[in-house]
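Note that the chains are named A, B and C in the order they appear, and that numbering of residues resets to 1 at the start of each chain.
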């Protein structure tokens, strides 16, 4: 792995820096203003939220939080360029607070897809996926918001559904028959589940900022904040109720609490800044919780066994289905109620076209990307080494600090001292 | 547990959504402005701060952070309604940034009480406690701020003392003689103490936002920020000094560092936006640290053994005593110095009445709530199953990831492979 | 330790409170405005960022996050006084949002030095180091910004290089020949490395706020934000590439990912608000990553073995070398391009003088401080007890929660039950 990864990373970074030198300028008119805190909230979601959410696997914490950081750090640079090209003026991309929010957004698609293939791909593969996915994302986003003129302020469609179906297509192409039976590393420990809750909570808490950050006016921003806040709250209560209902002997499942509680943030995204009423937001959130729990419980096993779609983190249930629900909610709301932004009237037809094109482009783009990732020099790992940090990281002995005595005891008694 | 919890949760959520549909509207005049970051800080305190602070128990991390999330997610919805009813206009509750800050605040009372009964109650009991406590809190807050016209910007009385004495009354009513001797699960591990420090730090850091979020003007807000900042700093140094002084062989105690360092934030709450001078804030903080350390060290064992008050997290020392200290500081400051807000003169008599009514209502409300929680269908657990996640959660094996060899060794040598 | 620490801490705190009573006033004209979120970001960096970054040692997590909190809580009070004396008006220090940002900044120097001596010093020693270092820092900062009129908005020189070389001088004076061979506690575990990533990420994420918080105008602030954002991103990709390149069998090293990814934030500090172009920021970040990785890999072992400088956290590679790089970048940029602030023209000569004086004062101040720390009543620990929380903390048994069965099994089979 040494040379393939290092060369890919350094070449991509040098190209990116050169492109920045040619094309990128400050937006000299910009100030941090009241928007900067929204950026920082989104920034925490991308690196801490996504990063720790994926640390639930018992031996894959370093990769989850580390490769998440790598993908996001590279993706935000590439995203600046790709999104900037569509908005460049005089051949220059002008960056300010809004640009870096959008750059963070664009990385979210790759991080969602990373969740689908988590544990089964190499860091070099992830860099290639990032550059391809961010590029395709920027094109689809331009199509949805500029050409179709659909609304998607919280990006239920353009980020969540896109990232999920892109990742599912990648993981389908990279299908590993050897993982048909559950891999021994594909489970959590008590502490890895605790670490994952750090990710869950920071995603949950800052989601109102995510859904409102790029709203066109403060009056829309406040609606997006309030709607997301109540949608998530309703979704969380419903998720706990259903987790107990479907769980063994009525017990809560950590995977559901870590993930399905967030579905309300995804699903309310498209309509977040519309006048759907807090009541409407809570209905969307509640339905999202139901869909997500049922998806994890019934659909994921079927996808894996029947359709050969091995979705490590269940991104289909957290981002895919709730993303589609958000898109459908957008169609319904624009059909019922006239919603405008700066003389653009949102129509249900265009919303439907946006949803369809997003999923279509994501599936095709993901499948092609999966094909590229099969290139041998990118260093696919063997089935046996999946979900294991020690393939890519120097991993310390997992030892209990305060057990010197018992360790010594073992040495005396002839037991294995690595215990 | 399956049906009782799920039914309670779903029924409460459906009722809440219906009430939102009838009563709640956006506050269309509101914008995020400079207040929104204060909301996000408070939001982190409620979910990450309180949630992780309680993860110190070795086998109760899932419940601490998970049920904390459940209580807060439901409580903020119910708090919106209860607080809103006192401020409704034309039969409508208008929600904006200030409302969601207040909604978060109202959940804090239930989370403090949750700390008192931690490990000894079921999730269904906690939902019932939340709905009752948030309702009573909203009434007492209306009494204190609108009828008595007392000042309590950082809610030393209305949130901290209220939540603590409410919780202590609940735990007294739910007294378990079987836990007279320390339960084997009622202790921490090295890592659970580390997780708890995440909660401590986020509470500590964002407390200036908590105490200043609803200040009436920016000039008062800045005083609340500065006072809280220095009160916490002084409290922290004093706590370390006293922890060493009372500890075995001069050693620091994690429970004190996790909790007593925060007492300065509680105690300065009532006076936070008054002109008490940073010097005054530091004196309050220092005294709060002393009271809290002594409370943990000497009072909590007595409360448990003599008064049958089993206070799992020691909320009496973190929220109860420092809350009273804050109330008393408010009496003294308003007696010494004329302090006004919008033509209301704060008087020491009214401050004392506010403190007394708060504690009285909390004790009575908590006792009644404790009685309700004894209803059998709410699923009280046995003494033996206390402080144990596995009663309510699917819990993974706690295994050390990188010990495959030693596990294999054990299998060969005939030892129990679950080790 | 009991009395020496407690007495030192209480005496220092009482003196500090008295000095606050005499000298400190509110800045009544201040409001939180749009600056307050920057303060909170910096605040999180100081307590969560630095605190958790240092938790990587397997038995030193309590001390890392706890003593970090103690140093910062005391240091911010002392820093308020020391920085305030240079800006006092009419014998009074006026505190507002900018003051508490600067107070937090001044603690960063002591926290960086703490990293150099981590595991080898007592809490009382750290309080003495803090008071001395913050005092000397405030003088040097005054020299650099007011007398030399150099620019250093993100404090590459005055905080990072200063804190690093101060700490290296302290650790040199406190040299322990007994630690020449690696101490058995001086290593990480899987979970301690995960905790450290919490620190890394919060530092990484909020660094744009650190570098822009005290910029003179919003237009400079936005440049500082954008430059730091892209510098860190480039540094991170380069760090991953080099970590793989120098690592055993191409594997990533956690110590590099935890630390060297941050070097881009340090190095871009001096020039952050200058018009260096995002391209220039990325070049600085990339070079910082290279220097930092090479420093950790090649230089730190040499410093320890040849120069008797035992740098526990490698602050030389994270703060020292990148800080110098930042200073040099400042010299180059001011030589190439005319940069002004409020009629002050920054000159390369003054930038060089600022860098030289900072390192010189840090080395001399650190050496003197190291001498003071050798005073016997401050309670230096033995070599054997280094890197061990249990010397200063009551430490719980590190036990696996869900192994009751296996524990019982062991009891039956006669094995040590403390296992």
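One rule holds for everything that comes next: contacts are C-beta pairs under 8 Å (C-beta built on N, C-alpha and C of every residue); 3 or more make two chains touch, one makes a residue touch a chain.
Treat the numbers as computed from the prediction; the structure is a model and nothing was measured.
Common neighbours of subunit A and subunit B, by the contact definition above: C.
Different-residue interface: subunit A and subunit C share under half of the residue numbers found at their contact. Rounded to whole angstrom, the centroid-to-centroid distance between subunit A and subunit C, based on C-alpha atoms, equals 32 Å.
Within subunit C, residues 34, 37, 190-191, 198, 395-402 each touch two or more of the remaining chains. Of all residues in subunit B, those touching subunit A in their complex are 1-3, 5-6, 9-10, 12-13, 16-17, 20-21, 24-28, 30-34, 36-37, 40, 43-44, 47-48, 51-52, 55, 61-62, 65-66, 69-70, 73-74, 76-77, 80, 95-97, 100, 123, 190-191, 195, 198, 392-403, 405-406, 409, 413. Residues of subunit C that touch subunit A in their complex: 34, 37-38, 41, 58-59, 187-191, 193-194, 197-198, 201-202, 204-206, 209, 212, 218-219, 221-223, 225-226, 229-230, 232-234, 236-238, 240-242, 244-245, 247-254, 257, 261, 275, 277-279, 282-283, 286, 390, 395-402, 415-416, 418-419.
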